[in-house]
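Look for subunit A in each of the two complexes below; its partner is subunit B in the first and subunit C in the second.
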Partner chain A sequence: MTTVHRVASLALAATLLVTGVARAQDPRLLHRLDSTTLAAVGALLDSARTAELPVEPLVQRALEGAAKHAEPDRIVAAVRRLAGELGVARDALGRESSPAELDAGASALRAAVRPEDLTLLRQRRTQSLTVALAALTDLVVGGVPPDSAAAAVLALAARARDDQIADFRRAVERDIALGATPAAAAAVRVDATLHEVTNAAANPNTPRKP
Partner chain B sequence: MFEHDDDALNRMIDRLREPVEMDPRLDARVMARVASRGFRARAALVWEWLRRPRAVAISPIAGLGLAAAAALLVWALPAHSPQTVTPPAADVTPVQFVVVAPGAESVSLVGDFNDWDARLTPMRADRDGRLWTVTIPLPAGRHRYAFLVNGARWLADPSAPRAPDDFGTPSSVVTVGG
Partner chain C sequence: MNPGRPAWAVTAVVACSTAATPRLVAQVKAAVDLGVSNVHYDGFLPSTAAAVSPSFRWASPRALVVANGSYLRFASGNRSLQANMSGSFFSAPLGRWTGELSALAGASQYRDFTGFSHALLTGRIHLDGARTGAWIGGTSGTTSFVNAQRPVAALLAGMWRRQFTATWLTNASYTRVGDSAYTDVEGATRAVRGRFTFDGSLGARVWSRGGGHGVYGEASGSYAVGPWIALVLAGGRYPTDPTRGSVAGRYLTLSVRLTALPGRAAPPPLILPRPAIHHSSPSSDDPPAVSAELQDDGGFVIHAAARTVEIEGDFTDWQPLLLSERDPAGWVLPLPLAAGTYRFSIRIDGGEWFVPAGVTKVPDEFGPGTVGLLTVP
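So, the complex of A and B:
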């Protein structure tokens, strides 16, 4: 091998190495994180890709931390925690779940919803679970006990449309703001929503609420 | 014999030296013929020029420089990932964000729909400078966001559910159906 060949091979190897490293990272993170944090987050992203988990929520969590000038350790910990929650959500919701469903499922788990309830929701609802999971999470964050919130959303899951579930969540929040106890508000409103769902099914020509 | 030949030769030379009367439309005709060869003929010439093999001499240091430049180019270009593709307009819903921030000089909407970049979605104040609003299209899903006041103070949306906090500052969530 001549000197020219050796130099050319070296240049090619260097090119492949640099471009490979660049591709392994998300370019949006390159100028937002310091090199140590970037390496740690990059390793977590690689693990997520290997596990076939959605990477975008992890990138966004790192970007959020960078925007808020969080400590590097805190950013890495937040990304690692979210990756774990996405994994649990995927186990509970199934491998066919969309990235949006997994993201919403991870938020529900963070709010203390049980993985078993996520699995039940998947079994009962044929449509996308994103709005139902988001409503469940928001109810719990708003003060409804996780068991009560899960029971309410599961009761609606089979027949209610996304907009009806979203209306239910808003109605519970209004009642809580007006002084109702969160559990009572959820129980009362789920009955009302089920009644509305049944009526809508019986009278399909009834106009929807705007 | 030789003088006769010289005379003849000189006459021929003189004749040849006489200016030729050319058709004044010759230039126009030539240019018309060239033009009539068309784009395909010229493209064929260019293609032939491009295909012709050539020996290119390059020093090792120049080769390394070219490799480094190629690597830098790839590094600098944004990666194309399905999750970063802007969704088509049909899959997005306009969502209005409103916050009361009297006396603020600037308010930005910052969230996972704009890569948490405070420069991308500035909000506009009403005449009194109290109510700041912006409407943006959002794809289906659950989105985390917050308001950044004067580039320094983070505010959650009081009209939206709170997001779990990882960084010691408030955030909110909005869910777009789908």
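So, the complex of A and C:
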């Protein structure tokens, strides 16, 4: 092989390598991460795509770290952790779950909700789980023990609409702010919400919020 | 609202539409008030008046320009015309300290013969925290009545506090205008709840030489009928202002305010330069009294009395984005949000990033504070 051929081959290989890396990366990351972090995050994004996990939350987590001038290792660790949580959420919620549901599920797992509760939620609720999962996360972050929070949301899951679940969460937060213990607030409010849901079902002509 | 006072005295409303110039990397707002007032100046008989009051405001994290005017037509046929313009420049923050230099000029005329004008320069030093702040400063300038000029000097001090959805303000000032001198002590508050905005103030001229005495107070409430129209009811009593040439009086005003929305001109989202240091929200149990609200129509609103409100999060690729000012204390995200869960933070007037009340706070993986979690169904 002549020198010219060797140089041409090397150039072709480098081009293929660069274009391969660029295809794996999100262009928004190119100028926000250093090359080492970019490569590590790119590999995680590739893995997520292969596993058919949503990639956008991972990109945003890396951008968040870059915006906050986090150490490269910390950015990579955060993206890796989120990818793991998305995977667990997908396993718990099922492959048919939407990206929004998986993202909300990952947040719930981060808040210490058990994967089994996510699975139960999927089984009991036919509508989208995004709001229910967000309410579950909010309750746990607000101080309601994870098992109590899960029990409350699961009790509402089958029949309550999204707006009723959101109202329930707000009511619990308000009670906590007024001095109620989180677990007691969740228990009392879930009873009230179940009563409302039952009455609404029994009296469909009762005026409701638009 | 206050027909005897300059500038912010607005009565009836018709919206004018000074559309935002996209090249301005800031918030632009223009409005016109049209209304009817019942006015009772001290020493005069009560009178009704109609008014047209345009206003314009341009704000960025480092500068603020405000211009406003008021045209009053009294039942007698006499008229009053007032106009003011001010510009403020804010220094880069040095820790919690910020400097402000502002210039104000204005003029007023009653019928065809009585004319005031003034030009003032004010310097202030601000010490600002997330929930409280204070300032101290001084003013120097001149005011003229017809052709007679008088020097103006003032010392100012005040403090503010945000609590829940209200901002509380107290201030004291000592003012000399020629041979006249007076000391005012005043408290004010602004509260926003949904479509309602309330402004109130209560003050007293505790000492005076030629400037009158007494207690004064004003209140106004506005209800946003839509994104660009609001009903305003205002009333109260205000003191003599020798600088601007207004006579003490009482008033009650009902008006309609039409506001031009920069968003209608569809300017591109405004991205501001990122500062060198990013602060995540302190993990305090005592968060700043700025609240967030996801509305039924999907709009995301930050309620805050501020010059500027910026947001960054999963929906801005973590680049600061200036929110659009919907009303005096309502700031709207100029982007539609798809269903999903988003992390975000906001900052007020270029200060520190934090999470507003009304949304879930979760630990920040990249710092000691928290980030907000917003779920759009």
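The rule is simple: the second predicted complex is superposed on the first by the 189 of 210 C-alpha atoms of A that agree within 3 Å, B and C clash if a C-alpha of one lies under 4 Å from a C-alpha of the other, contacts with A are read in each partner's own complex, and residues count from 1 in each chain.
Going forward, contacts are C-beta pairs under 8 Å (C-beta built on N, C-alpha and C of every residue); 3 or more make two chains touch, one makes a residue touch a chain.
Because the structure is a prediction, the values reported are computed rather than measured.
J.: On subunit A, do subunit B and subunit C fit together or clash when superposed?
T.: clash
J.: Is A:Ala187 in contact with subunit B, with subunit C, with both, or with neither (first, second, both, neither)?
T.: After superposing on A, A:Ala187 lies clear of both subunit B and subunit C.
J.: Could you let me know whether more residues of subunit A are touched by subunit B or by subunit C?
T.: B
J.: Would you check which partner chain A:Gly65 touches, where first means subunit B only, second means subunit C only, and both and neither mean what they say?
T.: A:Gly65 contacts both subunit B and subunit C.
J.: Touching A:Thr130, do we find subunit B (first), subunit C (second), both, or neither?
T.: Both partners.
J.: In the superposed arrangement, does A:Pro27 touch subunit B (first), subunit C (second), both or neither?
T.: Once the two structures are laid over each other on A, A:Pro27 reaches subunit B alone.
J.: Touching A:Val55 in the superposition: subunit B (first), subunit C (second), both, neither?
T.: Touch partner of A:Val55: subunit B, not subunit C.
J.: Using the superposition on chain A as set up above, list the residues of subunit A that contact both subunit B and subunit C.
T.: The overlap between the subunit B and subunit C interfaces on subunit A comprises residues 28, 57, 60-61, 63-68, 70, 74-75, 78, 81, 99-100, 103-104, 107, 110-111, 128, 130-131, 134, 137-138, 141-142, 162, 166.
J.: Quick one: which bits of subunit C touch subunit A in the complex? Just the residue numbers, please.
T.: So the residues of subunit C in touch with subunit A come to 274, 277-278, 280, 296, 312, 314, 317-319, 338-341, 343, 360-362, 364-367, 371, 373, 375, 377.
J.: Mind pulling up the subunit A residues that touch subunit C in the complex?
T.: So the residues of subunit A in touch with subunit C come to 28, 57, 60-61, 63-70, 74-75, 78, 81, 98-100, 103-104, 107, 110-111, 128, 130-131, 134, 137-138, 141-142, 162, 166, 210.
J.: Inside the complex, what are the residues of subunit A that reach subunit B?
T.: Its residues touching subunit B are 3-4, 7-8, 10-12, 14-15, 18-19, 22-23, 26-28, 54-57, 60-61, 63-68, 70, 74-75, 77-78, 81, 99-100, 103-104, 107, 110-111, 128, 130-131, 133-135, 137-138, 141-142, 162-163, 166, 173.
J.: Could you list, by residue number, the parts of subunit B that touch subunit A in their complex?
T.: Interface residues on subunit B, with respect to subunit A: 60, 63-64, 66-68, 70-72, 74-75, 77-79, 81, 83-84, 110, 112, 115-118, 140-142, 144, 154, 161-164, 166-169, 171, 173, 175, 177-178.
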